[in-house]
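The structures considered in this document are given below.
Here come two complexes built around chain A, the first alongside chain B, the second alongside chain C.
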Partner chain A sequence: MWQSNAAYQVGFVVLVFAAWFFATQWLAISPLLMPDPVNVIKRLAQLLQSLEWMDPFWVTASEVLSAFALSSVLGIALSFVLSRSLWVVKTFDPLLNGINAVPAILFFPLFALLFGLGPGSKIALGFTISFFPIVINTTAAFGRVESIHLKAATCMGASKWQLLRYVLLPSAIPMILSGLRMGLTLAFLSVLGGETIASFNGLGHQIAESSQAMDSELMYAWILFVIAVSFSLNTTLSLIERIGGRAP
Partner chain B sequence: MFVVNPLDIAVEIKGVSHSFEGALGQAGAELMALSTTDLAIRRGELLSLIGPSGCGKSTLLNMMGGLLTPTSGEVRVNGAIVTAPMPKTVSFVFQENALFPWNTILDNIVVALTFQNVPSGERLDVAHQALKAVGLSEFAQYYPDQLSGGMRQRAALARALSLKTDIILMDEPFAALDEQTRMVLGEDLSTLLNQTGKTIVLVTHSLGEAVFLSDRIAVISARPGRVLEVIEVGEPHPRHPEFVTSGKFAELRNRLYALLHDEIRQTLSTQAMGIPSAGLQSAAGSSRHD
Partner chain C sequence: MSQVAFLAKAGHRNWVRCLFVAALLLLWECAARFWVDPMFLSPPSRVLGQMDALFARPGVLQAYGDLMAELLIAFVVSVVLGLLLGLAVGLAKSTRERMMPIVLLLYGTPQITILPIVMLAAGVGFGSKVIFGITHGVFPVLLSVASSLQKVRPIYHVSARAFGATPWQKFRYILLPCMLPSFFSSLRLSMIACLLGVLLAELFASTKGIGFFTRQFTDTFDPTSLFGLISVAVVLAIALNASLAWMQSRWVTRQWT
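For the complex of A and B:
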């Protein structure tokens, strides 16, 4: 079953590349808009070989991880405190959802002013965008712990710490993980977005720079590189979520 | 009839009443769940609490377990006033969903023993013994979701037994099970309890279950609940299926029904007047499924 799925998935990717290739051969499309994929892949191979990808990759990775570390630690801590009181949850949950609906990218110019064009503004943007989904999911996760489980544990003599360790966390972890996954994906998206708007370095910066230099082949090569990175990120996260959601 | 030695009383309920504040969602509104009640539960007996929905029988059970504090009066377990749960003396069996779904049934028991501060070296052995006692040894590594309702309830019983408390409080432990499974589990429970000599208080809706399992049955009136009568069953444990078809069983069951009939009518008519009750909803829900 899995193998036949994988065959179709690979087939789909091959099909996309084939369509791209034939479009550049047979249709009169400017190579500036859509360069030949064969050239793009050659440029990508050069890029990988020259190790020039490493510096921008680490810049972006460190921005994403900093933003994510901040939003997950602060987000889970805040959720845990919030979820101790039903009143607080009922009051703040609509507020958090409302804030989450605000397009936080609007604040990027402000972050650029406050933190400069370096990693600071990207981390601030990544944090702002990934923080709320993490808080909303984690609060809901703690809120959905069955009261019968808490009652049973209390009757059996569980201490406060044991309640957290053996009941609250295992009960909440699947939903916390899906919130974290969403948070990391959003942090990645927003850091890249921020980099393409205004930055000194990073993967998004490389894409914007090659576009401005009208080097479309290089731009596409960077885009393929980012797609590969986000694909591996997503696969890893799914795996962690599956393992973490199953056993305590 | 009997003169009971105070040392033979496991749980003593003296002048206990309980009201829920603002139960109707209004400030200052009070709902009297249980009016002044006296009841003594003898060491080693199985006493059932039976009565219409919302009569406060679960409230009474929760007060015995230290999960609720009486509005007035006092509850004593082994002579000491109950103020909080007593994990070394009293354990609970709830309805079907009280096992932790993220643990195997073996781990469910190990975690319970951890809560109870049993030394870590002994936990696994005790857990295996408890599962063996209820016939679930082969299913130790199964998660609750992978078991039938009856097996889950056996596992919950094993968890309560593993805690080795003198007293076990059961809140409608078989309510979610079908009739046949209930009967079989009832027989098993009767055999098991006969061996262990524990004091059991069982809240139930089922007249048959109450007669089949109990040494005594306390019949509780409609809300606000009070003890209408305590009926002695007077049949030795372990009980066998033949007991169900005996004249004595039918007679006791009819007597219970006669006592409860008017109370249930009264509950239904107050519910029809728009007083909210989870009981009516669940009754309506179950009839739809039938």
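For the complex of A and C:
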């Protein structure tokens, strides 16, 4: 069953490449807009061999991880503080949702001024965008913990830390993980967005730079590289989610 | 403890919310006046005072109009497209198992990677912003429709078939009521995502939109205009979100069966 589904997915990818290939062969599409996939794959192979991908990859990865580390640690801490009282949760929930609707991307030019065009502004953007979804999800997750478990732990004299460590985290972990996953995806997206808009280095910068240099083959090669990176990221996250969701 | 009980009355929530927002504004005011370089931050009182000057600038009003038009078209197309694709992917168990990983892969890929292609194909104007907004907004609706169809209890399908329901009746009386709650929350996510997409495209390349003015005000170190511009966009975003939330609370409680 699994194999036949995987076959469909591989088939889909093959179909996309075939459509792309024949579109460039038969239709009069400008190679600037859609270059021949064969050349793109060649460029991608060159890119991988020359190890030129290492530097931008590590820049982007470190920005995403710094932003995500900040937003997940601070986000879970804030959720824990908020979720101690139902009244606080109910009061601040609409505010959090309202803040979440704020298009933080508009602050990016300001971040670029404040923190420079280097990693600082991307980390700030990634943090701002991924923080609130994590807080909202984690607060909701803590809210669904059975209150009898909390009461039992409090009666037996659990400290705040023990409450978090032994009651709240274990029972809320599946939902927290899906919130964290969303946060990481958002951090990745916004870091790449920041790099595409204004930066010195990183994967988004490479895509924007090759596009501005009108080198479409290189641009598509970088895009395929980023798709591969996000595919591996997502597969790893699904795996973590499945393992974490199963744990007691 | 009695004070806590006094505050805990539900009616006081709105006061606490207002106080909290007021405290944030006060913090912003103090930060801008005393701590942060005035090149970067402008106090809210001055931002508000200079609002008429901002709107008197040629093109600013037009830029907001364009933003709203781009956002609304992108949102409507995203919802319709997401609903249709979600139904196509989610209706049958076999297609769902085959297609969902592909949809999730596409969703997990940052759409910003294809932004230069969208710009090349559709130009720097209105079209590229709408298209880029759609690439962001379609997924929340698609995923919520497909996954809520998955949760329809099999017994409903069986009894629909037993009573000879037409496809329309099956959609109207079984799938729709099942889908609605999560569909409405996905509308809000889709709106936020559309706005993100449109603004990303605006910031990447724009000759007269909000992105253009944001860059101009930042590059000329004019934080008063910049924060005015952003504040209005933020208020618009929160208002749209709140009106969708209001619609959700009104419609979901309605009887659909």
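We take it that the second predicted complex is superposed on the first by the 232 of 248 C-alpha atoms of A that agree within 3 Å, B and C clash if a C-alpha of one lies under 4 Å from a C-alpha of the other, contacts with A are read in each partner's own complex, and residues count from 1 in each chain.
As a convention for this text, a contact is a pair of C-beta atoms (placed from the backbone, for glycine too) under 8 Å apart; a residue touches a chain by one contact, two chains touch by 3 or more.
Just so you know, these numbers come straight off a predicted model, no measurement behind them.
Student: Compare chain B and chain C by how many residues of chain A each one touches, and report the one with more.
Tutor: C
Student: Tell me which partner A:Thr91 touches in the superposition: chain B (first), chain C (second), both or neither.
Tutor: After superposition on chain A, A:Thr91 lies in contact with chain C alone.
Student: Just to be sure I read the superposition right, which of the two partners does A:Ser171 touch: chain B = first, chain C = second, or both, or neither?
Tutor: first
Student: Please work out whether A:Ser66 is in contact with chain B alone, chain C alone, both, or neither, and reply first, second, both or neither.
Tutor: In the superposition, A:Ser66 touches no partner, neither chain B nor chain C.
Student: Of the two partner chains, chain B (first) and chain C (second), which one does A:Thr139 touch, if any: first, second, both, or neither?
Tutor: Touch partners of A:Thr139: none, neither chain B nor chain C.
Student: For A:Ala153, using the defined touch cut-off, is the partner it touches chain B, chain C, both, or neither? Pick first, second, both or neither.
Tutor: A:Ala153: touches chain B, not chain C.
Student: Pick one for A:Leu110: touches chain B only (first), chain C only (second), both, or neither.
Tutor: second
Student: Where does A:Ile223 make contact in the superposed view: on chain B (first), on chain C (second), on both, or on neither?
Tutor: A:Ile223: touches chain C, not chain B.
Student: Output the chain A positions appearing in both contact lists, the one against chain B and the one against chain C.
Tutor: Correct list for chain A: none, the interfaces share no residue.
Student: Along chain A, where are the residues that touch chain C in the complex?
Tutor: 5, 8-9, 12, 32-33, 87, 90-92, 94-95, 97-98, 100-103, 105-110, 112-114, 185, 188-189, 192-193, 196-197, 204, 207-208, 211, 216, 219, 222-223, 226-227, 230-231, 233-234
Student: In the complex formed with chain A, which residues of chain B make contact?
Tutor: 65, 67, 85, 87-88, 90-92, 94-95, 97-98, 100, 102-103, 111-112, 114-117, 163
Student: Once bound in the complex, which stretches of chain C touch chain A?
Tutor: Touching chain A from chain C are residues 7-8, 10, 13, 16-17, 20-21, 40, 97-99, 101-102, 104-105, 108-117, 119-121, 188, 191-192, 195-196, 199-200, 203-204, 210, 214-215, 218-219, 221, 223, 226, 230, 233-234, 237-238, 240-242, 245.
Student: Using the touch definition from the top, list the residues of chain A that touch chain B in their complex.
Tutor: 146, 148-149, 151-159, 162, 166-167, 170-171, 247-248
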